[in-house]
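The block underneath contains the structure these notes are about, expressed in structure tokens.
The letters A, B, C and D name the chains in turn, as written, and every chain counts its residues from 1.
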Amino acid sequence: MTVSREVELEGHIIDSATLGTAFSIVMDMGGSFTVEAFDIGRRKEEVSYARLLVEADDEATLQSIVHELHQHGANPADPTDVTLERAPADRVVPHGFYSTTNHPTFVRYEDEWLPVEQMEMDCAIVVEDSADPPSVDNASGQSPRANGSDGPRAYTKVLNAVEAGDRVVTGDTGIRVEPPERPRDSGGAFGFMQGGVSAERPSESTIRQIAGAMRETNEAGGKVLAVCGPALIHSGAREDLARLVREGHIDMLSAGNGFAVHDIERDLYGTSLGVDTETLDHARHGHKHHIYAISEVIREGGIEAAVESGTIESGVMYECVVNDRPFVLAGSIRDDGPLPDTITDAVDAQNAIRAQAHEADMVLMLSTLLHSVAVGNCLPSTTPVVCVDISPATVTQLVDRGSAQAVGMVTDIGTFVPLLADELGEE
Amino acid sequence: MTVSREVELEGHIIDSATLGTAFSIVMDMGGSFTVEAFDIGRRKEEVSYARLLVEADDEATLQSIVHELHQHGANPADPTDVTLERAPADRVVPHGFYSTTNHPTFVRYEDEWLPVEQMEMDCAIVVEDSADPPSVDNASGQSPRANGSDGPRAYTKVLNAVEAGDRVVTGDTGIRVEPPERPRDSGGAFGFMQGGVSAERPSESTIRQIAGAMRETNEAGGKVLAVCGPALIHSGAREDLARLVREGHIDMLSAGNGFAVHDIERDLYGTSLGVDTETLDHARHGHKHHIYAISEVIREGGIEAAVESGTIESGVMYECVVNDRPFVLAGSIRDDGPLPDTITDAVDAQNAIRAQAHEADMVLMLSTLLHSVAVGNCLPSTTPVVCVDISPATVTQLVDRGSAQAVGMVTDIGTFVPLLADELGEE
Amino acid sequence: MTVSREVELEGHIIDSATLGTAFSIVMDMGGSFTVEAFDIGRRKEEVSYARLLVEADDEATLQSIVHELHQHGANPADPTDVTLERAPADRVVPHGFYSTTNHPTFVRYEDEWLPVEQMEMDCAIVVEDSADPPSVDNASGQSPRANGSDGPRAYTKVLNAVEAGDRVVTGDTGIRVEPPERPRDSGGAFGFMQGGVSAERPSESTIRQIAGAMRETNEAGGKVLAVCGPALIHSGAREDLARLVREGHIDMLSAGNGFAVHDIERDLYGTSLGVDTETLDHARHGHKHHIYAISEVIREGGIEAAVESGTIESGVMYECVVNDRPFVLAGSIRDDGPLPDTITDAVDAQNAIRAQAHEADMVLMLSTLLHSVAVGNCLPSTTPVVCVDISPATVTQLVDRGSAQAVGMVTDIGTFVPLLADELGEE
Amino acid sequence: MTVSREVELEGHIIDSATLGTAFSIVMDMGGSFTVEAFDIGRRKEEVSYARLLVEADDEATLQSIVHELHQHGANPADPTDVTLERAPADRVVPHGFYSTTNHPTFVRYEDEWLPVEQMEMDCAIVVEDSADPPSVDNASGQSPRANGSDGPRAYTKVLNAVEAGDRVVTGDTGIRVEPPERPRDSGGAFGFMQGGVSAERPSESTIRQIAGAMRETNEAGGKVLAVCGPALIHSGAREDLARLVREGHIDMLSAGNGFAVHDIERDLYGTSLGVDTETLDHARHGHKHHIYAISEVIREGGIEAAVESGTIESGVMYECVVNDRPFVLAGSIRDDGPLPDTITDAVDAQNAIRAQAHEADMVLMLSTLLHSVAVGNCLPSTTPVVCVDISPATVTQLVDRGSAQAVGMVTDIGTFVPLLADELGEE
């Protein structure tokens, strides 16, 4: 006995390989299909539409085909409402809960498509009625209800935020996923982002285009989040990075304890891990500077206090404090100290990162794998991301994680930031 | 005024992304298209067919679109004969000559499709009439005519082999390119090869599958060519590699001077670059072994002579000589010596490599970038290739160069070869 | 006016470069020296002794020279007692506190040399009188006094463990540092460890030697700690690693949330990040397995509970639970979930890591940079360490961090573990 | 029965670790020693002297100890003349010939120390009497005699240049090796070169210091040789590199066929491997540009002819021709074409490289491993070398090969060259 279901695809489904992928999935998983409707866009601006009848020998196979198609943007043609089930206990999701992608997603509830708020991958979706008691969402620690909307709402929750009684989406029905298409036109500032990783890409031209995308984001009122690794300080990029913060090209900062410590060490002692980044002299007693810098900030009670007391007088953290650019310092098990500002609990730190990530309109990932992965985990696939690292493996790993507009650049952060600052500079 | 041309695509054009690529090309290059015919294979074994009418505003644009489509397997629907032009001088090709891909290619000559022999990329195509005086082909130094065929023939020539008077294909008309499709079915021994580079792929399972593909090639009477870098010796894989040669799992060898020298040093002095690969002792006077090994072989007159005289008694080169496995040692500017067997002229060495490559039914590229690229340059896209290196960048570069059946494995050659030999072993 | 001080060096100070380093330090920092006594050991087993009179133009220079010499094992010839100062508040150290190296260290207190307990780098040293109220040490959360000793004691404290009133060592006087010498003799099982990073080292022979060192550690009643990254599971090494745990070759485990999740996913669903590590099939719905595995363990209340309930039936974590091998799962900001067993607070996790590290007699760092650095930070320089990773940069970074007996191996963890298990196997 | 020999060391033997190394060698190889004289320099400018009596149980052991000491700068205290033996045939050296290091070397001949000319490693040393018939040396193809000197001379010959009858040095006696000391003072332009590889070194400051060293070399009348890889063109550094050639900061160029082809492709078609390095557009028909550029140069007869005819109008090769900066293009087996200027025979190419290397007073190795190794093989250890590559493994390999003044920088060549050109620029 053969079972079947109709699925639909819409958009630039041919040149973005969506259609081909769908065909592959059906055939690889042992099904077959008939193309019931097919309307091809033949110019750049036109979208295509296809409706497939997917067939399989049994319901289980069909379901797993349809599930897989779904992840790739082929949605059932006959939508019904989502299935909801109550979470049995805090942090415990119902069996068969729907685990999100990072693509824009809609759930059908009471015959209407609700956009899922705060999209990020590997989450549960919670649906809340207007009558529901306010719950606490993923990131802000506030009820999403707080924003005044009144109808039913759907939003993501990471596993550890699920509360007993939450109505969690299970199964695949009543869900639409809309993977963003690769932009066809290379006209806009983000057009260059189509290329993926580019070890051999012309460096100066690429930097010019990244600067253009940042400027365009800022001019549109968007926010640029920079995720910063310690190599930025060691490689001598600190002063130019500080300038980008001061001049407002970077609006928010995400980093680890080490980044802040090295930045502050440079201010207090002129060194980074004991090396003078100007003269290249290896200060002979410099190895203590690192731990002394931490100790000084602890003594003051934190970075902001140390800036206000005049102890810290320059650098990236200084500019963040003075110019009111919010920063998140997330702790890790390799930290010395840590600084009082560092959020040592990983779940708390993720929540702080999540709140920043959801506000960001463009993200620069600069020489840090750990923090970039953490931020990337919280980003929807629609946020443009630029990954810069000297290791091709790091860049590839970050770019592959899912933004549709991710561009990677394999370069030296110590030359990248100065050249970027030059491009964006007012001088 | 709009100009147009019909092109056809056939095969698994949707799931192999061929069709999407074609659409992208037309639109990216400023043309538009109408799908005149479209017949979709809906099961694995069925092929699809599409006929597009490509339109552009002027003939130049149209031509460049059609040229590009052509590189990707979309062929003009109205074939005419190829255009031929005589080479004006040795090594000088006519302006606008057709530069080959590494895909199976056919040229239309006197209304018939001739397969182009000895396909490799970046070559000219020479067409020879039965009446033509015999010329000398790329690789063998013999006239292709020698093989007894009698009609007209087409074959590739690298630039430096072109002779005055050769009839060289120019332009794009009358040429069909048939890029191999990615295999749909993962059933055969080469099925696992679809995956591209696989740094995180399970190592032992992958090695088992490579062993299976080698065994299958051998059993079908095919030849396995191993391209070998010096790290094979340093990492202690020499004895197992020698065994693979001895037992016939490897039929031909391509390497550089250094590989042979290290292999022979190990035989003569028990070291590789001065290090004992068993005890890990760094023989204190070992740095001389390298140059002494070279000197000994020069004294004997060559590797074969040194084997016959009993000077060389074991190792990879020894097994090649004793078991009659042909080897090519290609020289490079970083060689010490070199050994008398090393072909120092790059063009001569390429010709020797080319002859081997054309005979190979499966190629293992083991820890050498330079020699692997050289061999890869001479391979048609239909030859299965396995690239093994500890550097992801090397593996990616090799796999991206064009075989449709290339698989990459990022692993330690010093553990890979022993495990491979175990899988293939008779013990 | 010239000031001067005598310093002494003892041990294999010449062939371990200690003496040369000392000379360099004096001269680079603007001082001069006279060799007042010099007795050279001229056979392997003999130690050398040197006494230098170091001179400088002013006291500040002299102090910084002496401080630097001190870090490298040259100790003042005229020891006086350490200087102690009370910590003014919790987590706040006195100005000028002595920041430790990871070498064996002694402080002179009431004319006696006290060994500093729980040596690790970048800590403060706290001295406690027999009369002092018991304090809480770095790692165990128990008072060091608990072990029954009765006299005064000295031990390390990380910055965030310092409590108001702790008597903290400041300055450089009264402190002896004894950097371990590189072993001269390559006879013992750890003899091979002299070589540092070894990308080109013969793989099988090196693995044999590592196995030998593990066996020797076990036979001497020592404990082997394995620090494990997720690549161990992806690369198919899981079953062999589980066997090493089961058979007691590995006594303790340090890992992150991801490692445990992948291990358990493999048990529950047969995949690792959705890939079947045996057949290499990419399970089409496998992307959910990861998050489902986490959810199942949360439902059970933790790994141990899930083993006991029969939910988890095999794997590395299973063997740890069943065979009573203690494990620490340290959280990070990139974790999904996390599992209930994962310690999410970085400081708590460091304390758990520290307790394990201090118990370890040999440490294997397997394919994880983050966790290896965290463990390495807590190790004294006398603990033998083996670092295995496919990235040379990772291995170099780990080996350079300070064990005197660190050996690095650049290899594929997916082939390393099976070959290691073979060497150690009972079969 | 114990045998013994006296050896001497002189120079900064302690802080450059020479003495410690010597002690280690004796003890590791089973000997013992007595320090018969020891005079330590105690200020930067003072040298030290040590005389050791080395003892061993048998003559063979003693010889191998003395041989090894010799490689590291410990020379016999009782010099006798070198042993010379005639080469039995062309390219065949006498058994036991002395294989050179790359350090300054002297041979004792008729009771006088002759400096060995054209030092490079892995060569034989040939001694020629004034009465000897002129022979042909390694590099120039001319007799060293040509330079007018009249007494006996010693010079290196690579194995394949040895001629029947050459008087070749065998054994170890009568040879002094003087490894250059690491410079103590960081005052000069080359002072920064002490640091070895520096992935985390501050980028801009390091570039400033490299620029300073180049300027100093030029001002002293020295010659800067740049070894150039194709990535220079792909990464967009071509115009700035061309400017450095034009303005005389680079005096000689060593590269491969590919570098020149990419440079010329950019001139003829505005692309590098088909990519426009300014706009980042991937010219759709660009894949042909590479082979077309080769064809055009072949048609003209070579690069110089193509510049003169006006075919090539800009770029690095253009500036070399127009400004008379000599270049060597060495062939390899991965070359397309090759260009008529490319030396396809590896031995001929090595000789051309050798001649350039011996003239160079400073060498920049820019993003090419193969050519950098080839040039490095021909350099004495006294020539300052700067290695720049984005791969740490490449930089480490090059820096470890033996110059005493090698500095490595892990950075992006596409940002390095523009910043270097800025530092050196006249604008």
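As a working rule, a residue touches a chain if its C-beta (ideal position, glycine included) is under 8 Å from a C-beta of that chain, and two chains touch if they have at least 3 such contacts.
Here the structure is a predicted model, which means the values were calculated and not measured.
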{"item": "Chain whose Cα centroid lies at the greatest distance from that of chain A", "value": "D"}
{"item": "Result of counting contacting C-beta pairs for B-D and C-D, higher pair", "value": "B-D"}
{"item": "Gap in Å, rounded to a whole number, between the CA centres of chain C and chain B", "value": "47"}
{"item": "Gap in Å, rounded to a whole number, between the CA centres of chain D and chain B", "value": "34"}
{"item": "Rounded Å distance, chain C centre to chain D centre (Cα mean)", "value": "40"}
{"item": "Sites on chain C at which at least two other chains make contact", "value": "28, 199, 393"}
{"item": "Chain C residues touching chain B - in the complex, by the definition given at the top", "value": "186, 192, 195, 199-207, 209, 231, 234-237, 272-273, 275, 277-281, 390, 410-412, 414-416, 418-419"}
{"item": "Sites on chain C touched by chain D in the complex", "value": "14-17, 19-21, 23-24, 27-28, 32-35, 38, 40, 42-44, 184, 199, 392-393"}
{"item": "Chain A-touching residues of chain C, taken from the complex the two chains share", "value": "25, 28-29, 64, 67-68, 71, 91-93, 97, 99, 122, 158-160, 284-285, 287-288, 290-292, 294-295, 298-299, 330-338, 344-347, 349-350, 353, 370-371, 373-374, 377, 391, 393"}
